[in-house]
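Both complexes shown next keep subunit A, but they swap its partner, so subunit B is in the first and subunit C is in the second.
Moving on, here comes the complex of A and B:
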């Protein structure tokens, strides 16, 4: 009897206590969740005021003929219509695409092989890696100045003197409309290869060594291991490298502005230098905002595509 | 709505403005000059305060001036008076930040040379500024190099070409290395340098940017004189007689090549006399009128003007300050003779001030002569800035390639200019 009466009781007790525990846990969770936000609040308030709000209000300018003192005039999609018919913007987009695609591809391939060569914990490797990483942390304006000196078009310019040793005539480089963009691409490759390398090195560390051992036992060649073990293992790194490189490349400005200012003959005009000239030299804020908004949309779309491709590849 | 948002966007500017908020008695003056001219402006405003008791808070910068004005306008915190290039009138008028000026309210307005008033009017014929300084371009030449090579002062484009060639090929500095060039040229598209610089040659060739017709302006670049001017400049580029990188150079890049003895010819304004006297040195340079092109001697004339800003609460004080700027006393202080600084007033616009008597330097006389006899102001289109930008792009394109089809390129610049003039409602159809 006692057992039959005890059981439900005994059953009941833990149930009650669980419910009580759950309720308590929920309350603690709620409080716990609010604490990080409390800590974040000052930063969020400042960011909202100085960053998010200006960003959004900046984007709304795209729909106005912005006046600085009088009332700005609503022009609907006029600024966007102009963007789609502007031949200068079209060539700026073409230059930017060339710049981004070539530099991304070259820098990531070079970065990958550098990472393979310099992977490891030995001290000399660390020193070499640090040395190679230096361009990535140097200010763009300083790099631009150095490249202007290196690629001086005079016969006594550094690169021209070297070319002279091989009997090659002095080149125009940044002053030649046919070469200027490629000199800038080279600069970007030089600057981002080490950056990419570091991300790849981190990715390579994460690959399970046993997979290499297994491949070795199976008698796989170096190339096969690279293709079937290494590359699939660093897909997340490849994805990060490409995404960062795209974002960086599409908004390239300082490197171009400090070396060629968009010239010669508009051959290095990029989307950002075009926006800068429209906005800050012709003071057409509305049009500059519209092109910026389009650039933002394009970057988001590319990032999404890239994420989808990555998801497919890792499946 | 947007206006309010813009105001918020520029909250930083407002904060700055708030900390610098001044009493109603204080006149706020902004000036677009190189940093060292700030001292001359300070001397001027101090003298004005001593004379009138009106306090002046001055701010001087040579970089991003228009952008700072745009920010101040959005924050509704414009200065009372702005001292800026007269070519900026159209843009500032479009921004809606300057007020009409009644010249009769400015004491001493009758002493201003009549030609200087030309650049003070908007396209609607109303006066929006008061000229305080004028200048024209002339040629700085390395006298020591020229004399060493036994060449005459260049009087024509031909002479100029020969001199540039000799400076490039005949080792004028005698160091045994082929490391010198003829001319220092700023041909960048940034801020429209290529157009600003080429205008000297276009006018000397007898060409024009636009033709003024009934009802507005007509693009006029597609012509033989303009093609000659660009052809001449391109020959200097293609024969390697200009400094390396000239095609991407601004004046900021071009000046050091002349100062350091890399180039021997530099076409520029009198504001560079002070720095060039320091390096390469007063005894090494000479100032000559620009050589004559097929159309005679011509040079870009520019000026500096004082503008009264929209919404000022100190209009009377502003008018008094401007009257002081154009008075003989104000002009002399602005000329900064003997200070070694870049002067705020280059050539005085007050006809009672004798430049030779103040300057005691015949080179200034040369600049004055060029201004008086051969100076050309940019055409009075409503807003010159976008036209300067688009012609700079076009000229840069021509100069960048030795086999560009000059007439075809000029035609295409004309078309772009027509579109811009139409936008400004100033195209003669």
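Moving on, here comes the complex of A and C:
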């Protein structure tokens, strides 16, 4: 019983002190509130100047015919209208879609099976996983250069030399308008597969092992387990992989620009290289901004669709 | 239905021996509980019976059939898992009928069996729900339903109640017991909770470090534990163990580091000076007047009451002792009183081997 008598006393004490503290806190509120902003200020200034201002500026430019040495002229939605009728952009969109869809699908399927093969805590698996991950963290410029060397169209090019061993004639690869885009897709697959694998490995770790045991006891084959246990268990990972891959793919620039520069004959022109050329080579800032804005909207729409599909799949 | 027989089963993970030469016979229709502390190998043994782990050595038979080399799906067993392991994307009906669908049973049969079992377990209203829309107890019942639908030779339960709260655990415990009575299928049940083991098992297998410590009925293990380990593991509150030495003429037991002298019950043939451990169940101690012969003077340390039972934790010259009773205690910390064990119920163990000395 003594404890119950003690309780009210114990409860009163902190209440008084909290009230006193609250009064004090109110007095120093302004000073206290400004401190976090002071710490944030340098980053905010830098971000505003180099990120937020250019973003807003780019947004407004989309509605102007930007002039460098005179007053920019308001053109309303003309830049957008041009974007929808520009045959070069249309072909760049087609190339980008091919690039994104094929590379995403191939890399995620390969990444998934690699993850299945390399999942686990064994030391050798960790070493292999690290080794396989290297392309994902290698600079796009370096990979582009390696690709140019590997797929050199000359008969002495590395891949052509290998093909020669099988009696296949030298291929044009990056210089052939019919092949260049596929060589770039291959490069993207090589770079993305390990990245996707890591996300899948993380997803596989989260699957309840007892589900596999239950499926085993229920009489499920390996394929059934894959379908009924593994795939439903990694829907969040699949969703992340696809979303990141789509966003990365639609914004692809460095890999293409450093390898083919959009050529030959525009056969590897993507949305970003098209924007770059419109903006920085043809100095059509307004039009380039309008296409950038459309790309942003398309990315947002895709993300929304992906979120809806994921929600539906995971019920 | 099928009896389960394990003969000389061993299992090693690398250099670590997890199961060592285990032989257990579980009769057809029997409810057998595997119990032991963490790391004793009880879950591994269950997985070996299920075919989810291969044996390193030995033989597993189910219903007289050697299944040692057979995969889980070929052993005609069903298993209820600790996490229930319900397929999250499937409805209750789909979960329950999954094994039958994999066997390509006719649709009518699948529907009929699922409905029957759902009715048996009171799951009819939940058949179209997903596992995430169910409570812990409902998930547990679905997991059992999934096992029952298959009509297996043996049910295997891997700590199926450990994720439930205390009240639900008692309720589901009763449901499993009733189901076993109704269906009569051989069941092997793993738990670390000795109350579950005592209340559910017809046979209990106590495991320790991968070895069978003792096999018997619940009351066998309680009344006649083979070792100090079993005596300590079975029973709540735990048995009191007092180190002692057999006195002159082998008529008394003298506890170590104290002046307590207890009479040695009739029927023990012990040589004087032999070191032993005296096991006294908490309910076999009674309060007596101070100074009574064979009594132990104690000071109350704490009193724990569950309402129906009271346990008094006391400090005695021989160490900490627990006394339990159905009666309420008015004792307060620091109170002193004398305890006398029921000498007929003493359990005496050899100190060196820790095995029980049998009374003639």
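Keep this in mind: the second predicted complex is superposed on the first by the 267 of 315 C-alpha atoms of A that agree within 3 Å, B and C clash if a C-alpha of one lies under 4 Å from a C-alpha of the other, contacts with A are read in each partner's own complex, and residues count from 1 in each chain.
The definition used in the following text is that a contact is a pair of C-beta atoms (placed from the backbone, for glycine too) under 8 Å apart; a residue touches a chain by one contact, two chains touch by 3 or more.
Note that the coordinates shown come from a computational prediction; the quantities given were computed from them, not determined experimentally.
Trainee: On subunit A, do subunit B and subunit C fit together or clash when superposed?
Mentor: fit
Trainee: For A:224, decide between first (touching subunit B), second (touching subunit C), both and neither.
Mentor: Second partner only.
Trainee: Identify the partner contact of A:283: answer first if only subunit B is touched, second if only subunit C is, both if each is, neither if none is.
Mentor: first
Trainee: Examine A:216 and indicate which partner it touches, taking first as subunit B and second as subunit C; both and neither are also allowed.
Mentor: Only subunit C; A:216 stays clear of subunit B.
Trainee: Of the two partner chains, subunit B (first) and subunit C (second), which one does A:208 touch, if any: first, second, both, or neither?
Mentor: second
Trainee: Figure out whether A:42 sits in contact with subunit B (first) or subunit C (second), or with both, or with neither.
Mentor: It touches nothing on subunit B or subunit C.
Trainee: For the overlaid complexes, name the partner, subunit B or subunit C, with more touching residues on subunit A.
Mentor: Per-residue touch count on subunit A favours B.
Trainee: A:261 in the overlay: touching subunit B, subunit C, both, or neither? Say first, second, both or neither.
Mentor: After superposing on A, A:261 lies in contact with subunit B but is clear of subunit C.
Trainee: Is A:232 contacted by the first partner subunit B, the second partner subunit C, both or neither?
Mentor: A:232: touches subunit C, not subunit B.
Trainee: In the superposed model, how near does subunit B get to subunit C, counting Cα atoms only, in Å?
Mentor: 50
Trainee: Residue numbers of subunit A touching subunit C in their complex, please.
Mentor: Against subunit C, subunit A makes touches at 208, 210-211, 213-220, 224, 228-229, 232-233, 314-315.
Trainee: List the residues on subunit A that touch subunit B in their complex, please.
Mentor: 49-50, 53-54, 57-58, 60-61, 64, 66-72, 88, 148, 152-157, 174-177, 257, 259-267, 277, 280-283, 285
Trainee: Provide the residue numbers of subunit B that touch subunit A in the complex, in ascending order.
Mentor: These residues of subunit B touch subunit A: 2-3, 5-6, 8-9, 11-12, 64, 66-67, 69-70, 73-74, 78, 91, 94-97, 177-179, 187-192, 244-248, 250, 310-311, 385-386, 389, 393, 396-397, 399-401.
Trainee: Which positions of subunit C touch subunit A when the two form their complex?
Mentor: 47, 50-52, 71-73, 77-79, 81-83, 85-90, 98-99, 102-103, 130, 146, 150
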